[in-house]
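Here it is, the structure, as structure tokens.
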Amino acid sequence: MQQYIDKAAVLVEALPYIRSFAGKTVVVKYGGAAMVAADLREAVMQDIVLMKFVGMNPVVVHGGGPEVSEMMKRLGKEPVFVDGLRVTDEETMAIAQMVLVGKTNKAIVAALNAQGGRAVGLSGHDGGLIRATRHLHRTRDGGYVDLGYVGDVAGIDTGVIASLIGAGFIPVIAPIGVGEDGHAYNINADTVAGELAAALGAEKLVLLTDVEGIRADPRDPRSKVSRITAAEIAQWLREGRLEGGMIPKVEACLRALAAGVPRVHIIDGRVPHALLLEIFTDEGIGTMVVR
Amino acid sequence: MQQYIDKAAVLVEALPYIRSFAGKTVVVKYGGAAMVAADLREAVMQDIVLMKFVGMNPVVVHGGGPEVSEMMKRLGKEPVFVDGLRVTDEETMAIAQMVLVGKTNKAIVAALNAQGGRAVGLSGHDGGLIRATRHLHRTRDGGYVDLGYVGDVAGIDTGVIASLIGAGFIPVIAPIGVGEDGHAYNINADTVAGELAAALGAEKLVLLTDVEGIRADPRDPRSKVSRITAAEIAQWLREGRLEGGMIPKVEACLRALAAGVPRVHIIDGRVPHALLLEIFTDEGIGTMVVR
Amino acid sequence: MQQYIDKAAVLVEALPYIRSFAGKTVVVKYGGAAMVAADLREAVMQDIVLMKFVGMNPVVVHGGGPEVSEMMKRLGKEPVFVDGLRVTDEETMAIAQMVLVGKTNKAIVAALNAQGGRAVGLSGHDGGLIRATRHLHRTRDGGYVDLGYVGDVAGIDTGVIASLIGAGFIPVIAPIGVGEDGHAYNINADTVAGELAAALGAEKLVLLTDVEGIRADPRDPRSKVSRITAAEIAQWLREGRLEGGMIPKVEACLRALAAGVPRVHIIDGRVPHALLLEIFTDEGIGTMVVR
Amino acid sequence: MQQYIDKAAVLVEALPYIRSFAGKTVVVKYGGAAMVAADLREAVMQDIVLMKFVGMNPVVVHGGGPEVSEMMKRLGKEPVFVDGLRVTDEETMAIAQMVLVGKTNKAIVAALNAQGGRAVGLSGHDGGLIRATRHLHRTRDGGYVDLGYVGDVAGIDTGVIASLIGAGFIPVIAPIGVGEDGHAYNINADTVAGELAAALGAEKLVLLTDVEGIRADPRDPRSKVSRITAAEIAQWLREGRLEGGMIPKVEACLRALAAGVPRVHIIDGRVPHALLLEIFTDEGIGTMVVR
Amino acid sequence: MQQYIDKAAVLVEALPYIRSFAGKTVVVKYGGAAMVAADLREAVMQDIVLMKFVGMNPVVVHGGGPEVSEMMKRLGKEPVFVDGLRVTDEETMAIAQMVLVGKTNKAIVAALNAQGGRAVGLSGHDGGLIRATRHLHRTRDGGYVDLGYVGDVAGIDTGVIASLIGAGFIPVIAPIGVGEDGHAYNINADTVAGELAAALGAEKLVLLTDVEGIRADPRDPRSKVSRITAAEIAQWLREGRLEGGMIPKVEACLRALAAGVPRVHIIDGRVPHALLLEIFTDEGIGTMVVR
Amino acid sequence: MQQYIDKAAVLVEALPYIRSFAGKTVVVKYGGAAMVAADLREAVMQDIVLMKFVGMNPVVVHGGGPEVSEMMKRLGKEPVFVDGLRVTDEETMAIAQMVLVGKTNKAIVAALNAQGGRAVGLSGHDGGLIRATRHLHRTRDGGYVDLGYVGDVAGIDTGVIASLIGAGFIPVIAPIGVGEDGHAYNINADTVAGELAAALGAEKLVLLTDVEGIRADPRDPRSKVSRITAAEIAQWLREGRLEGGMIPKVEACLRALAAGVPRVHIIDGRVPHALLLEIFTDEGIGTMVVR
């Protein structure tokens, strides 16, 4: 009997969340450990399909860095990074596109379909989805360095996503944009997720990471904060309290918040069903960033 | 962490049910203990609203016998029953209608609204919903007895229910039909629920009762069966293995199954959230009747 | 031949009215003699169904005071009134709701259906239609008296009415609202009709009364005025030239006019087909109130 | 007061007719005295606009013979008739088209608009409405005579009428068809009305004539029948009991009935508002022909 | 092979024009030589039908002066003109309407249908399309002269055109308006075309003329300009550099441009397929007038 | 002037084709020389975008064999073929998918977008578009050989294509299907094109090849036939008159014709704008296959 009571309690707790998110768009940045470990991967796929079934409109943006580097090495090309950004010449871009669009993206589509979803993979080419401009990388000494086909988001045409959502599909997006010159550009997946959330008027942006959330002290796992405002993050950025891969993540948060997305969540993708728990339970998981 | 795993497991278990019932109609006969005890009552209301939120179309049919008898007594009129059916003269019918439509029905509507639903109460008058004919009651000695304004369902016009479902409302129906003569008739609520499930092409009919399900031996609570076919029920009826109030319930089951409703559930309304557990968990509760 | 000419003349006279009211909402407050006498009652029902057939959207609000008092007496409870308002304790409210919703409302629904209409009865519970706050009654000596569950209209959610109108039904509304506390409140039917007309953007509000219209001198039936402005009524109210039951009626008029309803009619329900004649003939009946 | 009762009675009598004809198409053949006398003309226009206002879809087909002959004479051309059919050479056809389309049709459109309707004039050219073949006239001696551009209806494309009805317009049709050769053909207006009623699935075809209906004895006005079947008409035709202009009329009736139009009325256009009285009163006017 | 290359080049050149005009309305004033010579006439009809097939919404306005004068003469009435405007008494108006609506308009409808189009002819009567006021003609000496039933456009009700366009038809409009008095008025076809283009929010107005475009020197055919602004035309009008029939044409241009029509073309109807070449090729034909 | 006449002639010739193909689906198999040579490639892209602009619904299926082999070699893997079919082990399939989906498909999407189209790339994964079963290859000696992940089309779910077409996009499809086991399978692009044409109820299937059409004698270019029936092709197949890569092409033709596609065209992709010329000119190009 206690088992019945416990089960019912979980379902009842989820009720107001299902209600309040019905018909809302949630952009999920999928990456890190949740993309590598098979059981975590399957759990994320289940979570996304469940979100769709209960009436939300999940939109998935994925990264895929390690797979690109691996293919580069197999083709005899050594990956080079500057401040964590991949130096991307013509050939590197061609490889990155093949891997991200032809392999990673389709694997996610297939995995969502295996869970009963109806996913459709897209890159920035499709329907003119992501327009890119060349990213000018500012180095620590204040200069700029050209990293090749690394891009910033210049514009989003949400038409194809709107059509697919309206017809019941789950869009899965590879973070590649197309420049005015027609050339493809590699863009940071967190950045793409933030810009898409803004352009789609999303209710939430959720970033799956390999940490338990934002830490007050980057080296102390126990310093995770549950809730933080955009202003506090901006302050912490100025104070240099955020490091490495967390920087593009919080910048994507700030961008999405500024564009009107009410809530951004940075959650721990190493917890199975972290996404489901974040969306449908009271206590949540990770760090919630609000305006 | 175990707590997370348990919660996620419940949500994941519910997934295929949410998927398979999306857009489907489920008729719930609400009565018995679940209508009397305040905590059970609130739990049922939550369950019905949750069903609506996750995309199902619950339709509620309620009884209300004890309240009718109580009001009759207050008005100096002694309730008389023949084989469990209320003898219903002109005045009794007027009282029954006032109580069922003016009190019981509105209390359920208010309770559903308090849980965040948008319920609308109806009786068989509204939009010509339930047409009735006079019920001829066959006594044990093979004769017929006239019980007054006790009716059978002669026809259902689902128009008003369809309009309300389409606009996001939860219809709540008092079991009163209208005869060719324009007079109101009292109809057994289980019967109304079965006929409505048939007319609406419902996916499920769920009868909330005060027993744990159908028993192989009516006097042995441990003899409950989890699954039974229509043919077996018909056989048990012929063998006299079913008694009292269970008879109109299983007859409503048979009628609904014959009209194409795939599954009928007789569940124990004394278990909190029995409805939710029946719909959204693997093991279910009570007895499932299939063709 | 003269008979032909006369008939044709009536139909031709009705033409511009049918044209100008097509698709327009008309709120009819139904009460008084027209609710008691069988022939008047049938005539009103015909009129409302005719309005629907020729493309208007009638919405009916009914009272029912005498029936409530009668039931109270049968249950051994003496009705008490202060300034014409019923003192409404918990039990009185329960009785009023049973009678208004379970008896009066359904009788009107059945009578409209008998004329070929498709009526659906509602109370303020249904779809959250009428939200109420406790009415503070100001006595003549300037103090306030608590009359119990007597309410004012705090808000109208027209969703359920819009759905039903759109699907071809005639909504029939019992004047009961629901408070923040979930409790039912008795509200003056004229007031409900005025607020509904305002919320629905009705073209007309028609109040069926037992007088031939507004009188310049309340005691002189020959002093009826055919047309009066809101400003004049406000003046007459200040001067005390209006009395008794006419006060909530003209207040409902003023409220509806202020909210944008172009015309309000106070007509004599004792004239058979008064409603039809008011809507479809040139001379009209009773008193028309305009801004 | 009696005046009120009489008026209300007429409106109430009209009720079931308005209900049963809502959304139905009625083809009206307009001609004869009702087209000539100004007061009759205005009454017919009012009637047609009223039909539209109460939800019916009137479609008007008109003749116009006398005006054609008059213009021919002004242009120095003598009209020639064979068995009541106009011998139509190239020039005659050009004159007939100018008069029927450019004068008669537009006068009717303007008159309907003046009554508040929104009429649109059409001839068989418009949207390929009426395809014609050359009519071979059988003379009494059993031979055939070529009358020139006199046509039979070879086909109807109701597309343009459906579009206009759907947008709230009243189509007014001149009885001219277009042959395979692209040439215009003059067609009997009764015939066009019958074929249109059939093609549109009309509820009624009404022919306005200058007699009080079909007579059992063509020379005895008192021999009018109120109701007749298609079989009886066919019999009367064989017996030669019908004469002159009545023959194309009853042939149009038979054609429309055979194609599924339930009722055809031959009414007396000399009675003001004959159309309105036929549609909206119990006793009707003229002769009703049924299958 | 060269033939293939040439053909493909023409089709490819037409591509961006088909794209940019899809769903756009183009008003074509049809008159002059293109209305008289059989081969030119057929070419214009093909062009208009092609425009429709490739997704544009052509609306045709035609004149018809010579045919009116010819019919007047046949009826023994001498045409009188003041400054190029026809003095139009009651009888002249009746003749003009018969000819324009009953002859010219239907001939164009038939010709478009023969090319596979689905044309519907209209005059200002139909659906209240063109409301007219009496035109007061200002003579050179500054006085005013009454020309009878010669009208200005007082208003356009585009409802009937919108319905027909939406249903795939090509509207063909005779330049006749209806006054407040219900009387028909003759209006200059260029003026009607300009006002219609303005009311419909057309993308283009194209005037088919018998000159190669606007000339800087009215007497020198080689002085044609390819492009001119509204301001320049206004200047030329003030300077008297434009003469005769060109004046109402440029006034229609100015009116349409002022009302928001982006481009007006005055083209040479004596060139076969001038319309097609103007719309679908880079170099165009005639004179383009812009704001 | 002759230039005008020639241009107009081409546009006029294209008219009936634009008309008859409006709203129709045309599946284009894109491959061979037209995919390699830059100028041919651009011409095909223009042609497809033009088809879309004039109201047709082109759906593109592409191959990409040489690029796959090239990438295999770069990764140190030697391509092996049996009877022209690529032996496809796990790694080969991964490479083929990366190249076809991540490189070839996106290049086509980008090229269509550069011409003003709105293309969206898909593989068989997306929306469950192409379900595959393992292809059993029959060798010449009558045995079967397992070629690995080489598939046949087991089913098509046109949902995602229908959504994209409805929203104005051009679907571009890589010939990869997904098996019951969730694994990707390489499928012959001609076969995919034929099955898609059948499933979509396409009006035409056009195969772009590197020959001028079907030859009566495979070695004699002058033996090309302009028109051939399905029965004749079947006969030629039995007689062994068709060879090599032509066999899957004609089999795709036969499959599409059998499924109701009215016409299949095998055209010479080496002729610039061959597609445009085939669709929009009278003489056509290549070989048309009909039932």
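Couple of notes before you dig in:
Which chain is which? They are A, B, C, D, E and F, in the order written, and residues in each are numbered from 1.
The rule is simple: contacts are C-beta pairs under 8 Å (C-beta built on N, C-alpha and C of every residue); 3 or more make two chains touch, one makes a residue touch a chain.
Being a predicted model, the structure only gives us computed values, none of them experimental.
Graph distance from chain E to chain F, where chains that touch are one step apart, equals 1. Looking at chain B and chain F, the chains that touch each of them are A.
The minimal number of chain-to-chain contact steps leading from chain B to chain D is 2.
Set against the C-alpha centre of chain C, every other chain centre is closer than that of F.
When every chain is reduced to the mean of its CA atoms, the largest separation from chain B belongs to E.
Here chain D and chain E face each other with the same set of residues for the most part; over half of the interface numbers are shared between them. Of the chain pairs D-E, C-D or B-C, the one whose interface repeats that of E-F, sharing more than half of its contact pairs by residue number, is C-D. Between the Cα centres of chain C and chain F there is a gap of 70 Å. Separating the centre of chain A from that of chain F, both taken as means of CA atoms, is a distance of 36 Å.
Centre-to-centre spacing of chain C and chain E amounts to 58 Å, using the average Cα coordinate of each chain.
Listed in ring order from chain E, with chain F immediately after it, the chains are E, F, A, B, C, D. The touching residues of chain B, when paired with chain C in their complex, are 71, 74-75, 94, 97-103, 105-106, 109-110, 113-114, 118-123, 125-128, 159-160, 163-164, 166-167, 169, 178, 182, 184.
Residues 1, 4-8, 10-12, 14-16, 18-19, 22, 43, 46, 49-50, 53-55, 116, 271-273, 276-277, 280-281, 285 of chain C are the ones touching chain D in the complex.
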